[in-house]
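Shared between the two complexes below is subunit A, which has subunit B as its partner in the first and subunit C in the second.
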Partner chain A sequence: MFTKKILISAISALSLIFVSNVSFALSVEEQKGLDISMEAKKRDLGWQDSTADMLMLLRNKQGQESLREIKMKSLEVHDDGDKSLTIFNKPLDVKGTAFLSFSHPIESDEQWLLLPALKRVKRISSRNKSGPFMGSEFAFEDLSSFEVEKYSYKYLGVEEVNGLTNFKVEQYPVDENSGYTRRIVWLDTLEYRINKIDFYDRKDSLLKTLTFSSYKQYLAKHWRADSQEMINHQNGKSTELKWSNYDFKTGLTDSDFNRNSLKRAR
Partner chain B sequence: MRFSLHTGKLKRSVTAIAVCTGILLSHSLQAGEVEFEASGNIALEQRYFFDDALSSQQLSHSQTSFSVEPELYWQWNDGSDSLLLTPFYRVDSHDSQRTHGDIRELAYIHASDDWELRLGIRKEFWGGTEFQHLVDVINQTDGVEDFDGEDKLGQQMVNLSLVNDWGIVDVFLLPGFRERTYAGSEGRLRGPLVVDEDDVSYESSAGQQHLDVALRWSHSIGDFDLGASWFHGTNREAYLTPTAQNTLQQYYSQMDQLGVDVQATLGDWLWKFESIYRSTSLEDFMASQAGFEYSFVGVFESNIDLGLLMEHSWDSRGEVGLGAQGSLMQNDLFVGARLAFNDMQSSELLMGFGSDLDHNAFSFIIEANRRFGDNFIASLDVRLLQSNDENDLLYTLSNDDHAQLSLAWYF
Partner chain C sequence: MRDKLYNFVGNNPFWVILVCITFAMVAGMGAQKLEFKNDYRVFFSEENPQLTAFESMQKVYAKSDNVSFVVVPKGGNVFTAEHLAALKVLTKESWQVPYSTRVDSVTNFQYTYAEEDDMIVEDLVMSTKNLTSDKLDKIKQIAISEPLLVNKIISKTGHVSVVNVTVQLPGIDPMAETPQVATSVRAIQAQFLAEHPDVEVYLSGMIMMNTSFGEASISDGSTLIPLMFLVVIVTIGLLLRTITGTISTVLIIIMSIVTTMGLAGWLGFYLTGPSSSAPTMIMTLAVADCIHILTSMFYEMRQGADKRTAIVRSIKINLQPIFLTSITTAIGFLSMNFSDSPPFRDLGNLVAIGVMLAFVFSITIFPALLTVLPVRVKKQSEHKKDIMAKLADFVIAKRKALLPLTSVLIIASVMFIPNNELNDDFVKYFDETVPYRAATDYMQENLSGMMVVEISVKTGQSSGINNPKYLNSVSDFSDWLRARPETDHVNTITDTLKRLNKNMHGDDPSWYKLPDSQEMSAQYLLLYEMSLPYGLDLNNQLDVDKSSSRIVATFKNMTSNELINVEEDMIEWFAEHAPQYEVDFASPSLMFAHIGQRNIISMLIGTTLALILISILLGVALKSWRFGLISLLPNLAPAAIAFGLWGLLSAQVGLGLSVVIGMTLGIVVDDTVHFLSKYLHARRDKNASAKEAVHYAFDNVGRALWITTFVLVAGFTVLAQSSFKMNADMGFLTALTIFIALVVDFLFLPPLLILLDKSKNKASESSAVAVDAPIKKAIEAV
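Up next, the complex of A and B:
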């Protein structure tokens, strides 16, 4: 009995050492990759809430185009993922559809969808991260808020993108439902703005490239790109995002992100 | 015509609500600019019934209809106040009862931080299951619209919604009852006897003017979405009795209904449960609907999502004779598969199979739809109904297998 107890505590002590070793023994590259990502997140903290309009231009291989028009409201949540309300205006058949999301760094996000024809609010599974958003080349996970805990990191060096010196950091999604094995992210060394992302699919081949352009600074702090272009290298399709009417600290609160606000979202 | 009939009966309470709304509007309109938005759709629908009708009165094979549903929306005070108007009208080539109109919505909404007042004609949906909506009782079913019973008539209401840390509480006052719409003598998808729209009686001496009340609590706790509701007022389902003239008479009783609905969202699984206890002067019973939805993301290494659904219906009244209500789903099993192609055209395919486990009856449905261009949606529905038991409602619809093609233009 007594020996068993000793054995158990010895094992737990050992495992504790082992676990702490794993979590703290980051290589120099891993530590630097993490530090850069934490700094990027830190520099953008304090935006409180924001509203913006998004135009999505879908293009297929033959050059056919289709337009999506979306309104976004977001609320910064301290020590948790952000809350967001997405309202669809175009295509016209989905006008009035709205989507409420409480994101979390580690646990599953909570998501509700308003189906306007039936006036029905439906809780939906948040497992579908890898699926296309509105038939575009953006996956749901590409549009969710960046949280440091969602990835592990590796610093790859410095490279020039668009005439700016960029950190090149590799990110490995923690969530097994992610559609990617890794992403390579380029952030400029001055302002820590993301300029380019390469996405690698589950077979580790290059799937998509996202480039950011026309950055603007808001409230002398927060950088937002007016334009983002996602090119899918495997199917030849692309999607362009155009942002407009960015507004920060508009006074949105928790009460703008519940079932009732979802029901009357416009 | 049905439209004028309804508006006549509803006139009094509509006027009352209009006056209240008018006062509130003029009060809140004093500040801020008004934003206006108009949208909506018009649709052409063609049905084809594969077999001849049971009765010579009914249309034989082809049924065409045309519908229009505009939506007018005003908001002011930065969206804290809004007004929504959604009229609806359908013209049908054969069924005079299906040629009908309705005000789906005419509502004023005032939203504050932790409460909301909704006044006027509205639609309110409760519950979470897919194949039957037991707890959903606020709106009357617009039965002539479609086979699935998901189309609802606008309901007049005063609804106060209170947001608390422990959930949202909704209080409803519901003046003015709406009678269900049924297929006319020329129409298909009906039993052998036609429901007489003029032969209606009520348990309450107030008739259509009975003031119904309802209360609902709903909340999300982690992976669980919970709802509990109580309804006191006129039963939305009529008791139908055959008359000497070979028609069905409608009798609307008073009822009390308690309902609960639960959804657990666990990874790829959605577990759903709804249950009601209903008490009328004629009977007391319980019923439930329970099942799950499981989704596979990106099947066949494509962007296609596959959802599998299964639900079971139970009713404490068990099997009852034809004509008694609620007996339709006493021990029925539903399975379905939904394919979402996640393409530019938002193509979707849904297949469903329903089977009555107590006797040999089943139904099979296919629904497919996709977008054409930017503003058109085409849908194809096929419904097959079969039963060998004369006691089953589906038996009377066995000749009504049909395909339905519709094209809607959104503006």
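Up next, the complex of A and C:
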């Protein structure tokens, strides 16, 4: 669902390794960047499905604040990007609005939205996922699931972040509709958790920095950060995400993630 | 004390020269620290209420500094496959502009439409490969009927379009950031033109305006200052016929300018459009001191004095009047400190410093130079003096006709003062030769004006903007605004919501109306926001809490007063129709519209204070309160007449002109001081009659007055050539005022003096006649 989350099938991972090794020669740095990313993904495989509550706190330069409350349900999908259901609780006037998304590594995501006020489900056809999510500093692409094929990679070295040794990997989005030219990701060398991401805009200037804190481990395997803070360096605004009530393997299935399930979404 | 000064200078000329030059050089090094501020915001003080309102609005929404590429296809049709392809390229390239955060064009407009239960959001122009004429026509129809685009991004007829780049300057190094953007934009323009020879591209927008402030001043500096030096050299060379005198004067001028600008650098001043005219003004004013000293010195030498004695005498005669005129000039310029606009305070302070420095240099290094350098005196041509004597005879003879005639002329011109209208149109700060002005004029003719007002309508409640009542108010207001003849464009969130409502109902045109529930609006916006690409979001229209929205209105070019009227109408509309919302109005246009008024009021206070101070000084110097009061007339009349004439000529008074009265006051006083002091000298010390005293004054200072006036008028006329209209108008009106001052002093003041003296001294008139003959002799001897 979000960057850190890993879910690609072993087959696609293998095929990727195969393709990358045979078809085109990657430089040492490129190969290492790819290896780290695949390792990070591999370590998080097998969570099946999850639910969590998200609190979104928006701040502008003037010091105004605004709150959003969201429930997220995700389903791990093999061979493809995962599926997610986002249910909005606050602000009250969007309560009950539900957003279903099938993410795909390369092609456009499939998206449906249930508008309770209209009592209709609308399919949204848009290649854009670089715009702000609910007016926040997060773009939808910052929140959608991490897939190895979405980027090409370059290993930049090792750096200390928050007292931990981190791999520093540069990622270049494959999708030309991405809002970024590149991202620089710091993952700690022990657990492959993402600690920090720098986002560079289309003219390659630093746009945003996302920092992760309060990591907790679930099911003795999956690491999730309780807090994520995105700071936009260009407009001075920031958005904080607070996660709670993480639950895994709750028994959600494909049938909870389709058009009809949207209407039942709570 | 005075003698000590002259003797020291005379005995140690080399030391004086060395010390002065060292001082000028050390001070002058500060000039390296001087930087030009490329930002229209410098015209506003930090406490300016319109600036504060604008800045807080920019913090809530997004900043609106921008660059507009105005793209004109020579074929007159934007909607051809080739041109749209070109626009797509330009749009993409524009994302590379430093600090850009948003790019709006016809091609990347986020077009939404319905297909059964699908909602499609995509660029209006996706691919230009297979565009049939049908498709092109459809794109055109969508574009020219979209309220967000028409008049702002695309002209009504589809013959011109704009690629608008919003930039967010970090403000860390403002002097570097604006030029950086301008350079990048121009490179994009040049490359685009090279690849598309059938297209014209103009550059407008706030960034280009800010850039033009700097560039206009630099081009002024490279043309006006050399021109000014030429005027000085030619004037002194021709009128005084002296090479040494000319060289020395030029040196004094250079030293005064260098020292002033250097001190400005040390003191942490920065340059702006208005304050960059300080060197030209200092140059003009510094010449006067030198002319007075040179004239007296040559007079002495022609009378047979040796050079040293001539210099000593000249300094002795001139020290007090030069000091007095320098002080009054400085006071006049210091009155600009009352201005609401910091650049004018800086200008006033810089020129005041420069004038006082010029005074110091002209009584120290100037005589020292004249002592050291060879000076030859040519046989005096009596020609000029004859003219002055003839003029004196004429004025005295025709005084009974002249006084009423000049009085009527003065009153008649004063009556045109109310013609003047306050107007600060920042586009017109630049003349037509400046590319920014040409681009903006073109934009005004073909799309929309540069007059923009941002209106923030606040509910004070989280998600309050989704309330149907609120949306209806905003929509009604937008409709009301659009119906006004001066409105070119209104950008409002209600248009987007109406379009979305239509899209959600299968593009049925009858659903092009506001959603009727809060939930529906909120959910539409949620949906829409999730489908928008980077940089094309709604954050420039909505605040984070969705408690307020911003309407951006673009108007045709109008005067400050008209804009203030529109603002008042808008305030009234909300008071009447939607009093429950707090509404803020802000924009650079409004800032400029209000500053003229604020500045005039504060400048009137400053000028009055300066006038009182100068009149007291004159009263003390002339040792007569009566003449201190009489001097008010010739001191005030010139500015009054000049503004009357301006009321006939142009009638547009802006920031630049509101400081002219204070500025010229200190200069025109000089003429009066010289004339009155000579007149009183004759009356008191030589016991001359009023007529004879007038004759004496003409003979003695007439020539010096017209030469200095010539230099001053020439100098400010040079400034009037500035491509920066603010400086040009200021220069022109100042030149006019100074010229009128001389006319007043020559044609109005003398008859007035004779008349006033007659009424006062009727009794003593007979005794005056008795001493007539010896005085005439005495006068001739001088």
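One rule holds for everything that comes next: the second predicted complex is superposed on the first by the 242 of 266 C-alpha atoms of A that agree within 3 Å, B and C clash if a C-alpha of one lies under 4 Å from a C-alpha of the other, contacts with A are read in each partner's own complex, and residues count from 1 in each chain.
As a convention for this text, a residue touches a chain if its C-beta (ideal position, glycine included) is under 8 Å from a C-beta of that chain, and two chains touch if they have at least 3 such contacts.
Here the structure is a predicted model, which is why all the values come from computation and not from measurement.
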*Overlay done on subunit A, so just call it for subunit B and subunit C: clash or fit.*
clash
*asked:* So in the superposed three-chain picture, is A:Thr253 touching just subunit B, just subunit C, both, or none of them (first/second/both/neither)?
replied: first
_If we overlay the two complexes on their shared chain A, which of subunit B and subunit C does A:Arg120 touch? Say first, second, both or neither._
both
*So, A:Ser66: does it touch subunit B (first), subunit C (second), both, or neither?*
both
*Figure out whether A:Lys42 sits in contact with subunit B (first) or subunit C (second), or with both, or with neither.*
neither
*Thinking of the overlay built on chain A, is A:Lys221 touched by subunit B (first), by subunit C (second), by both, or by neither?*
neither
_Which superposed partner A:Leu92 touches (first subunit B, second subunit C, both, neither)_ = both
*What is the contact status of A:Ser261 with respect to subunit B (first) and subunit C (second): first, second, both, or neither?*
first
*asked:* If we overlay the two complexes on their shared chain A, which of subunit B and subunit C does A:Asn128 touch? Say first, second, both or neither.
replied: both
_After the superposition on A, what does A:Leu58 contact: first (subunit B), second (subunit C), both or neither?_
both
*After superposing the two complexes, find the one stretch in subunit C that runs into subunit B, choosing from 274-282, 490-498, 562-570 or 742-750.*
490-498
_Overlap of subunit C and subunit B interfaces on subunit A (superposed complexes)_ = 58, 60, 64, 66, 91-94, 118, 120-128, 130-132, 134-135, 177, 179
*Going by the contact rule at the top, pick out the subunit A residues touching subunit B in the complex.*
58, 60, 64, 66-67, 90-95, 108, 110, 118-128, 130-132, 134-135, 177, 179, 253, 255, 258-261, 264, 266
*Inside the complex, what are the residues of subunit B that reach subunit A?*
37, 39, 41, 73, 75, 79, 82, 109, 111, 113-114, 116, 122-125, 128, 150, 161, 163, 168, 218, 220, 223, 225, 263, 265, 267-270, 295, 297-298, 303, 305, 342-346, 371, 374-375, 377, 408, 410-411
*If you look only at subunit C, which of its residues touch subunit A in the complex?*
56, 59-60, 62-63, 95-101, 110, 115, 117-122, 168, 170, 462-463, 466, 504, 515, 517-524, 526-527, 529-539, 542-546
*Touching subunit C in the complex: which residues of subunit A?*
58-62, 64-66, 88, 91-94, 97, 99, 111, 113, 115-118, 120-128, 130-135, 139-140, 177, 179, 201-203, 205, 234-237
